[in-house]
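We call the chains A, B, C and D, going by the order they appear; numbering starts again at 1 in every chain.
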Amino acid sequence: MTPAATVTFCLRLLRRQLVLGLRRPVELGNPLLFFAMVVALFPLGLGPAPDTLAAFAPGILWIVALLSNLLTSDAVFRSDLEDGSLEQLLLAPQPLYFSALAYVLAHWLLTGLLLGLASPLFALMLGLAPGAIPALAASLLLGTAVLSLIGGIGAALTVGLKRGGMLISLLILPFYMPVLIFGSGAVQAALNGNPAGPFLAILGALLCMSIALAPMAIAAGLRISVDT
Amino acid sequence: MYFNSLAAALQMDGHGAFVWSAYFITIGVVAMMVYAPRRREQRFLRQLEGQIRRSEGGNPPGASKEV
Amino acid sequence: MTDGGAADGVLLSASGLSLERGGRELFSGISLQLRRGQLVQIEGANGAGKTSLLRILAGLSRYGFAGHVEHRAAQLFLGHQSAVKGLLTPRENLAWHVAGEADFSAAEIDAALAAVNLYGYEDVPSHALSAGQHRRVNLARLYLSRAPLWLLDEPFTAIDRAGVGALEVRLLQHLEQGGGVLLTSHQPVTLAYPLLRLDLATGTLQ
Amino acid sequence: MWTLFHKFGSPPWLYRLSGSILRWLLPITLLALVGGAVWGVLFTAPDFRQGNSYRIIYIHVPAAVVALAGYYVMAIAGAVSLIWRMKMADIAMRACAPIGAALTFVALVTGSIWGKPTWGTWWVWDARITSMLILLFLYLGVVALYEAYENKALAAKACAILSLVGTVNIPIIYKSVDWWYSLHQPASIKFTGGSTIDPSMLYPLLFMITAFYCLFTCALLLNMRVEILQREQRTAWVRALANKGAAG
């Protein structure tokens, strides 16, 4: 009897991660709740004037999405390291590259996808022009996938450390910056009546590159983190 | 020499404070970059030498020992 | 036992392994060949590096040691931790296990769980089980796995006497079928089978 | 080729080599830095638009250039450490981070000082300065990651991966920041382009860039020497060195 084929195995991992996420619905809602709360902070800090808020909305929404992604990234591999699943994963005969991709995909489905789908609601709360909402949702869907991949690198490098929580932000926030620039750029362009397509295309290119490269870094990072 | 006098060089038409402070900060950082590792090296060798002297008699030279 | 393993029956071969931690040499010059049908116990005092050696042999530790390890067969590694997810049932834990083995049928999994005395617990969320039961869910993999090479870190800890007995029976069965077992254990291994001991202090296999 | 490679893996050999290199390179570097600075500050004509404040360029640009190059040196050392598992590459990588951070810091501070007379404010979110700020974050991230690991051999591997990720990302970050700046750029703020620089200003600048590269090399070797001694402190040659140092 031979080990499972790589595709079968990745689907198995994906299903496992999704079931694990869905059995804790509250934790699934936490990033969204965080998003809502931070969005609520801005009117309190900037004043409730609709014009100001609408002008800052693309940046605000993108920064909050970035932070909520950052907060959840730390947990991608942590429980698996703590209960010993991670070392079993590393010993699996299938390439770790694809396993890492499956983990990140599960993370994106449980955070970024939900955030992208829920973002129109928050956009309306900040008074973003309805015309820019499709660009916001599309840029968030593409961009958070890149963020999840980059966050996975940070998680893989810090999962073995006792105090990784703050460190992961320091490591990966610089790498988040291009995504923030192009993501909020897409929304801004839509606001100004320009096509958002070029920005989404750049985000798509970033996504392709991250899919190709990030799992390698994640795999290497995990091998280091398990090697105690 | 572009400047006519020392005072002119220091003044630089009002920009002197900026230019000179930038250069002095750089000198400070460069000095640290060169000085700090040299000092660490000297200090480390001194520490190690003391350690070896303390353990002399107990361990032959070159033997591994607990730090 | 069909898959893996070279013609000479060597499952795992390692040479010249040495490890240094925090400026202290844990072991050095360990060479080892595990063949089919061999049972090897790694011996050493607490902190002698038994688990470290096992992790190096498993391929989990890749940096910081000297020497060479070569796997010639599929391996099953059971570590200190059970790798059991509290949110999943024992059945799901085994069916979706991250170790990447073949797909097991529900009947196979239930039989394995029954073999480790977890009959009737198949669909209970694992967080409702005790630590000892978690270990037994993990040990159920020994009944499912087709890997000829087993690396077991303290397999006898935290299971009751009946469990130890069943485990010994399973180990014997595996060895007689041509598998190889490398384990660490605090307790003396009382298996009716020739046991080789690897002493970490001297690096010799007896 | 391979014997040279193996020699680089030998700590005592590298220690002695770095000692003999530093003996002449360090004085030359310091002289060149002072000479280049004097040349740039006192012997060149002022810029017709920015006046004398542009003289900061002779430290700002070299520091920025070498800081960026230093990141690549660090990443290459990291790749060598990951692929060939060379201890000396670990040490070189570890030594790069604080030096690069210091140079980035110099570039940022001098850029900020330059900004005051030029733009009337200490800090402008200009593309170049923003990129340097991100570079500083990247360097500090490597330092923080290294310090967080207790096992220094693993720390070096983790930092190697991080710096390789950074290498891929730096061009993207720079391009995106450039683009972001051009989108938001207020019309009144314009930087003198590097390509239009007058030769009389260019030569001292190139000279200073070379001097800063030498400075980077010196600092790298100096830091590596300390690290080599600390890692090899139980070997006979380091102990002999310590005894000799005490006697002499």
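Going forward, a contact is a pair of C-beta atoms (placed from the backbone, for glycine too) under 8 Å apart; a residue touches a chain by one contact, two chains touch by 3 or more.
Remember, predicted model here, so these are calculated numbers, not experimental data.
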| item | value |
| --- | --- |
| Distance-maximising chain from subunit A - centres being C-alpha averages | B |
| Chain pair with the higher count of C-beta pairs in contact (A-D, C-D) | A-D |
| Gap in Å, rounded to a whole number, between the CA centres of subunit D and subunit C | 48 |
| Chain centre separation in whole Å, for subunit D relative to subunit A (CA means) | 32 |
| Distance between chain centroids, defined by C-alpha means - subunit B, subunit D (Å) | 16 |
| Where subunit B and subunit C are represented by their mean Cα positions, the distance between them in whole Å | 54 |
| Touching two or more other chains - residue numbers and ranges from subunit B | 64, 67 |
| Junction residues of subunit A - those touching two or more other chains | 224, 227-228 |
| Contacts with two or more other chains, residues of subunit C listed in rising order | 23, 63-64 |
| Residues on subunit B engaged by subunit D in the complex (per definition of touch) | 1-3, 9, 12-16, 18-19, 21-23, 25-26, 29-30, 32-34, 37-38, 40-42, 44-46, 48-49, 52-53, 61-62, 64-65, 67 |
| Partner subunit A, residues of subunit D touching it in the complex | 82, 134, 137-138, 140-141, 144-145, 148-149, 151, 154, 157-158, 161-162, 164-166, 168-169, 172-173, 175-177, 179-180, 183 |
| Interface residues, subunit A side, partner subunit D - complex | 153, 157-158, 161, 163-164, 167, 170-171, 173-175, 177-178, 181-182, 185, 206, 209, 213, 217, 220-221, 224-225, 227-228 |
| Residues of subunit D touching subunit C in the complex | 85, 151, 153-154, 157, 234 |
| Sites on subunit C touched by subunit D in the complex | 23, 63-64 |
